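My questions all concern the structure below.
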């Protein structure tokens, strides 16, 4: 029921605004006796960190995480883990110009209508800066999965489309993902995306993207029908990331165009194990994991805050042309990749503990 | 935390299997003093009811709902409303042939891996028969919305694609929706769909669909960031419907291909009111409703239970060709239209009460 | 967040009013593959059933429970178990006299102030009849405990005080509990209680009671600090039973008068196991079970509905003398014994599953 | 479901250990536009702060609270409020002697059995230091109550019994409470308590207490039957405070000894308003507030950590005499008074918002 908590047995609660003193989260329900230190969390935060290439916001944040509780002598104690990340590079005055303006396509307007008050500095609570907390919680979720299962679950993400430029899936190479600033699994498209993004930036515009995140090594049986389905929780997890407008599992929307024979993943016994001959299900049937790879895609809209003037209104009810000057990602989808991975990790960790609770 | 409950302040909990004696749900948190009788619920159930055309399953269920509690002298009392729908036309013996078989693409297998026990009769708990409870809860949610807001919220759904045949949106006519067995808003495509579906049925196959559900008259301010976002809850609501593989809000996946200028819905003051010049956001920004129409689409995969034999396995770990004989919808997406409407209604009712709780 | 659900992983939701067609509950989160039939539940309901002696209400209810879902071929499936108990002996006209009156000490008035509508027939939702659902859920909880632990947890209750007449604890004999209509563990006090209760009835009055419920065989480690403490959940469970005004664990209020040396239960190793030299803690330290017997007591106020006229008011705001004619227990505490046992069982089952979820 | 969160719509989540760098909490669900600063919270923390008289622990903590989020330009924004209190006076080496020992009556043992790991420094997470977070959350709850109701709810607490020395209720004077180090409403008993406590301290012992907390100005209608009853939530709230072993509402356990006529609070119309002629109900009937004062009492056991050696065991399973050297309150009940007030405030705030959500 809490508005700022996610998950049930493995549960995190985030707090903080873009231009406050700090952001952070509490991760609750973590099993005890898992080795954990800041060094387990920091690398994942570093992947999401802004300012690492010319293609992301130039805000400079070191995003150093501190563990304030829940860990004793290098191990989790089963009590809540409080994580804190200080904000370092706020430039609130960038926002004084739009203090009374609502940017079209932005949460400015809806926060105002809902709460009657708005922290206009950098988007306040609606800023994507909050996703650093998700990434930190996701790092702990990965540790939980490995600890409980006895082997790591491989959770990876990639950008599969930028603007209208989609990758060629036949060239998919996970190794490539870490070798370009876009998390592209298709090395050949990188130059196209660079050119596209430079053009977008120069035009004072922005562009959208599609991200795919996958998990390998997930045991069958996770997810609890009817209202704790794994795919439903994943849909909420991804749709709740800033700027996301669509989520699909496995074949997703394309499944609508398939025949029953094409779509249903056939099964065979191979060496005494169940093998699927395809994965249109994206690893989930009836809301429960099948043991195949979990495959989730989500669409990120183009950043709403752009320098190009757009028609907006003010708090006082006047028409205005809004041009946003702050530092923004021209393609917020890029930095959503590690966030999507993190959300996949937390959903899986929660469902693993819930499944263990009910089914042993 | 409950596996079979949905929502928070407005919350329903469903129970029952395809071939048990009955199904039903408890609807909790309903405001008191709302006029309510079975006659307010039955028409919505009738829309979802099977056997109404040759294009849906021939199982004959009258789906008569009974209110067992929570209503006194024609009004809600604020206490839980228990609804019961008897199962009438079970033919469990249809399923004896697949008692030990796992149908490819079906939840048979995952229920078995999760629980180690499986009610094989008609899919048991995984059957789409459960969605009757959702529709009943949705009918009450509509009453709640109207009661609290003082005016009805118009919640409507339509099939916008069957197989690979999408409607022409320029021909959209809500009146048409009630005049064909497919809930198509495009009268011109009905003949195409009929032919497609007859072909599918004769081929022993099945086909997928895309459904669009919308809500007009939703006030701005509903939805609570960060983890109670309206779009995240809608995504979970729709993805949790049987056979759904994708969900999108507003422009959805197409937003990835738009520029920032195209995507962000511009705003103007018109007659003292805020007007949006487009609705790519689908009525939601930052997880909060804008006051525009809420627009949600979801993709339904083709029915997995088909007469055409497919490669599957048995409980005993043997390869087998599975051909399903029971009565099934060749396009389960058709009957998902009223279910999608219902889920939209319950999410809105819950968020309306939650918003009133926090913000008054 | 649901108003009518109790528990988290093991969770039940009740519905129904005293004079509606039926009452019932949904029990969710039950582990799969537990043998279960109505015969496992009925004996516990029979213990709570009214009309079994001249000392309880003369309402005649057979309280036959039906399982409507969640059980297949004699075993739980892991899906929600719906239980239904029909109401048989409603005499709503008994209540027409107090239709517009608020009985002092009764929930009549508060339901009216909260909801603005009131089902006056037999107390409606506020009736202790609802506790039959708790007892049914408790029966399933007992099965869960035994199934998961591999050995039954012994959960028992007794009346330890009626009016001002407390038992002599030195005469405690669990065997006696089943041999008198009061669940007294002290056979010697039964005659006193009979005389007291006959006097109370003849005087048109009612009397209170104190109940003690215990659980043996509870493993150490159940309960989750800080806000999922076992004793906190037990306190809520017992205080929520109709007419309960106090709850204590172990030494309870008497602990306030003890010294630190007297109160703290000393520990010794005995045959390689931890032994406690006393049990002032009632089996719970820091909100977590110690492995000792769980000991909970709760106080039940005298029934508010009495034939003796008392000063009350009407809906219309007039002073009135209220005399209740319906059939009521002169000491509602007697029938609270099996209810207290049931609530102890459900709290333990929930915490066992939650503990298994987090800690394995 | 979260283990470290309390409440539903008004919800707080705490973190931190006695000897970690800091403790704190997140308060979620706070209505927007409430004036709030540290100055609104600090006075309540100062009341709970240790080291203010010779009768409490000599640990020196300034307990300065910092607001890290959720407040903008002096007003709540509706987003989560993160509060942080640094630990200043840890003396972990005090605890090295008992590193491997389990103190009788202490949570040492149960944390170990549950989690298999234990932060032995000052009790770790089980320390009463955590209650500072509750007091901070309670301060915000008071603001919420006043803001929503338009008038403050008066929430007060007092110590009504220390050891076996109970106050004379006929001398009750709220003004006296602030004028002695024990929060006694009976000035005449203060000398007795001083002597008692000095004796206890010199004997290396400790003593228990009973606290009473009340709320005036609570509107009728708060609390939601059947499993969201106001008294059930209060019972959980108080029983969950460190060292509490019993909770009662209104007449509490004494109600068991009353007759129906004595116990039921009669009602009269007075100047057009409902008046009750007594308050045995403690302001709650059927789990819903009546509008009378809410009256809750709870019993606190004597501190388990005492210098007098007691029989305990070690992690290694050896018998040992445990004598605790750290700085402890000889009567932890004294500092529980502001904690009980805070828990009463948070329960009321949560129920007020929940009631507004369902009933408007």
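Each chain carries a letter (A, B, C and D) given by its place in the written order, and its residues are counted from 1.
Keep in mind that, in the parts below, a residue touches a chain if its C-beta (ideal position, glycine included) is under 8 Å from a C-beta of that chain, and two chains touch if they have at least 3 such contacts.
Small disclaimer: the values here were computed from a predicted structure and weren't measured.
> Have a look at A-C, A-D or A-B and name the one that copies the B-C interface, over half of its contact pairs being the same.
Of the listed options, the interface copy of B-C is A-D.
> If you tally the C-beta contacts, which comes out ahead, C-D or B-D?
C-D
> Between subunit C and subunit D, what is the gap in Å from one C-alpha centre to the other?
26
> Rounded to the nearest whole Å, what is the centre-to-centre distance of subunit A and subunit D, using the mean of the C-alpha atoms as each centre?
The answer is 39 Å.
> Distance from the CA centroid of subunit B to that of subunit D, rounded to the nearest Å?
Inter-chain centre distance comes to 46 Å.
> Tell me, which residues of subunit B touch at least two other chains?
Where subunit B meets two or more other chains at a single residue, that happens at 1-5, 8-9, 14, 29, 32, 78-79, 114-115, 125, 225, 354, 358-359.
> List the residues on subunit A that touch subunit C in their complex, please.
1, 8-9, 29-32, 78-79, 148, 225, 353-354, 356-360
> For subunit A, which residues are in contact with subunit D within the complex?
1-5, 8-9, 11, 13-17, 20-24, 26, 28-29, 32-33, 68-70, 72, 75-82, 114-119, 124-125
> Inside the complex, what are the residues of subunit A that reach subunit B?
Those residues of subunit A that touch subunit B are 1-6, 8-9, 14, 102-107, 109-111, 113-115, 125-126, 130, 161-164, 200, 203, 205-210, 220-229, 231-240, 242, 244-269, 272, 274, 277, 280-282, 284-291, 299-304, 306, 308, 310-313, 317-319, 333, 354-355, 358-359.
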